[in-house]
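Two complexes come next, and they have one chain in common, subunit A, joined by subunit B in the first and subunit C in the second.
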Partner chain A sequence: MKIFDTFKISASGLTAEKMRMDTVASNIANATTTRTEEGGPYRRKIAVFRENLEKELDRISGQSETVSRGVKVDSIIEDPTPFRLVYDPMHPDANEEGYVEMPNVNVLNEMVDMIAATRAYEANVTALNASKAMFLKALEIGR
Partner chain B sequence: MSTMNDRTMQLINKALNTAVYRNEAISNNIANVNTRNYKANRVLFEEELKNAMNGLKGNLKTTHSKHINTCRSIENITPKVIKDTSTSMRLDGNNVDIDIENANLAANQLLYNALIQQASKKISVLRHVISEGSR
Partner chain C sequence: MSTVNIIEGLAIKEQPEIKKKNSMDGSEVSLPEIFKEKLKDVNNLQIQSDESTKQLITGEADNVHEVLLNTEEAVLTLELAVKVRNKIVEAYQEVIKMQI
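Moving on to the complex of A and B:
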């Protein structure tokens, strides 16, 4: 039904932004992690969004058409930029020259991403509340 | 043409439907504000409605399904969702302007409320008649 489709769209936006927030949190938490499952330091993760398109039958013409149904997280990719080299000969993971490969996470970038995700989340909440207010108003027809 | 299904009620119905469509399109744009290469959805309706209304003035009356219809009737006009590919606002190819979307969201909500009020007024007129004007 149309009304609940709108809610689902806003909800998909909320889910996607929360996912982005999770990747940001993971990046900040692992900003100095030098040991991972795959070996080597932690690589920065980036959430990639994709528009969620669905096939739907048109009620009047009966033809199949593509409609937008919000957003989805397409994949979580790893940032391919090189690792930071930090001079710390006492570190157990230091190489022969005394340099340690640190994750390619820039905490400043993560903060900016975090704020962007927060604002986008808030925008989705606003859209959801607007839809809710509209449809509550529809219940008042004929009062 | 009955009291409940006259031109006014038809138009209110159509406009309410369009407002719901537009609300959905705006929600979609806001949900995709961080999606790379996403192009905003827009709902086209008012222009087509205007054309149809203008066409009605010089319209030939059709009282039979086989009569020649000179313009599209209001029932056949449905809101259309299109992609706005004409602009590119940001480096990542996304053209959603969150400020404009928010403004449109608020305006659309007000329009919807106004239409609901109109529909209620229309029904209250009918109720007035049913109760023979005595409340």
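Moving on to the complex of A and C:
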């Protein structure tokens, strides 16, 4: 139904922010992971968002128009920055000089990203509540 | 949902045969039919909401907000349907009260 399109847009924002939160959680969890499927240490993941547009046929004019469906996670890319080198000769993954390649995850940065994701999620919920309030106000017309 | 069934019963009984031009194809569709159809939509949203709540309880749902959104949608459409019904019943009673 068309009246709930605003809800759907906000919902897409919520889904996207949840995805961002998932990548942050993964980054924090793997902050010291030195072994991965591809070999080598864990690379920091970044969620990339894309505007979600959809072509829709107008019922009356019969012409196609672009409508916004909110946002979607386009892809999850890997941070190309170099790995951290930590001196730890006892580590099983240390090289000949005793250095270990650690993931390029900075937990402080991740915390900031986490706060940003949380706040963005909250903002989407606020937008959703506002559109709900508008709908309820419209129901009060003529009372 | 039982609430919707009650409304459906009420609304259909009390509807006089008003013919309305359908804006889409110009054919004549009676108001009760439109209302019935829309009530079916409302009912479907209730069912969908029930279904997603069930999924949340059984742990199948991956997003909590989608479940809550479905519930919210169901609540709001039901509220709108009740408002429309009240208006129709109001109009009907107004006609009934008319002095002949």
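Simple rule for what comes next: the second predicted complex is superposed on the first by the 141 of 143 C-alpha atoms of A that agree within 3 Å, B and C clash if a C-alpha of one lies under 4 Å from a C-alpha of the other, contacts with A are read in each partner's own complex, and residues count from 1 in each chain.
Note that a contact is a pair of C-beta atoms (placed from the backbone, for glycine too) under 8 Å apart; a residue touches a chain by one contact, two chains touch by 3 or more.
Bear in mind that the values here come from a model prediction, so they are computed numbers and not experimental data.
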item	value
Partner chain(s) touched by A:H91 [first = subunit B, second = subunit C, both, neither]	neither
Subunit B versus subunit C as contact partner of A:A133, first or second or both or neither	first
Subunit B versus subunit C as contact partner of A:F4, first or second or both or neither	second
Of subunit B and subunit C, the chain that contacts the larger number of subunit A residues	B
First, second, both or neither for A:K18, with subunit B first and subunit C second	second
Touched partner set for A:K45, first subunit B, second subunit C, both or neither	neither
Set intersection of subunit A contacts, subunit C complex versus subunit B complex	128, 142
Complex contacts: residues of subunit A adjacent to subunit B	2-3, 5-6, 9-10, 12-13, 16-17, 20, 48-51, 60, 67-71, 116-117, 119-120, 123-124, 126-128, 130-131, 133-134, 137-138, 140-143
Touching residues on subunit C, where the partner in the complex is subunit A	24, 41, 63, 65-66, 69, 72-73, 76-77, 79-80, 83, 87
Sites on subunit A touched by subunit C in the complex	1, 4, 7, 11, 14-15, 18, 59, 125, 128, 132, 135-136, 139, 142
Touch list for subunit B against partner subunit A, complex	16, 19-21, 23-28, 30-36, 38, 41, 78, 81, 98, 101-102, 105-106, 108-109, 112-113, 116, 119-120, 123-124
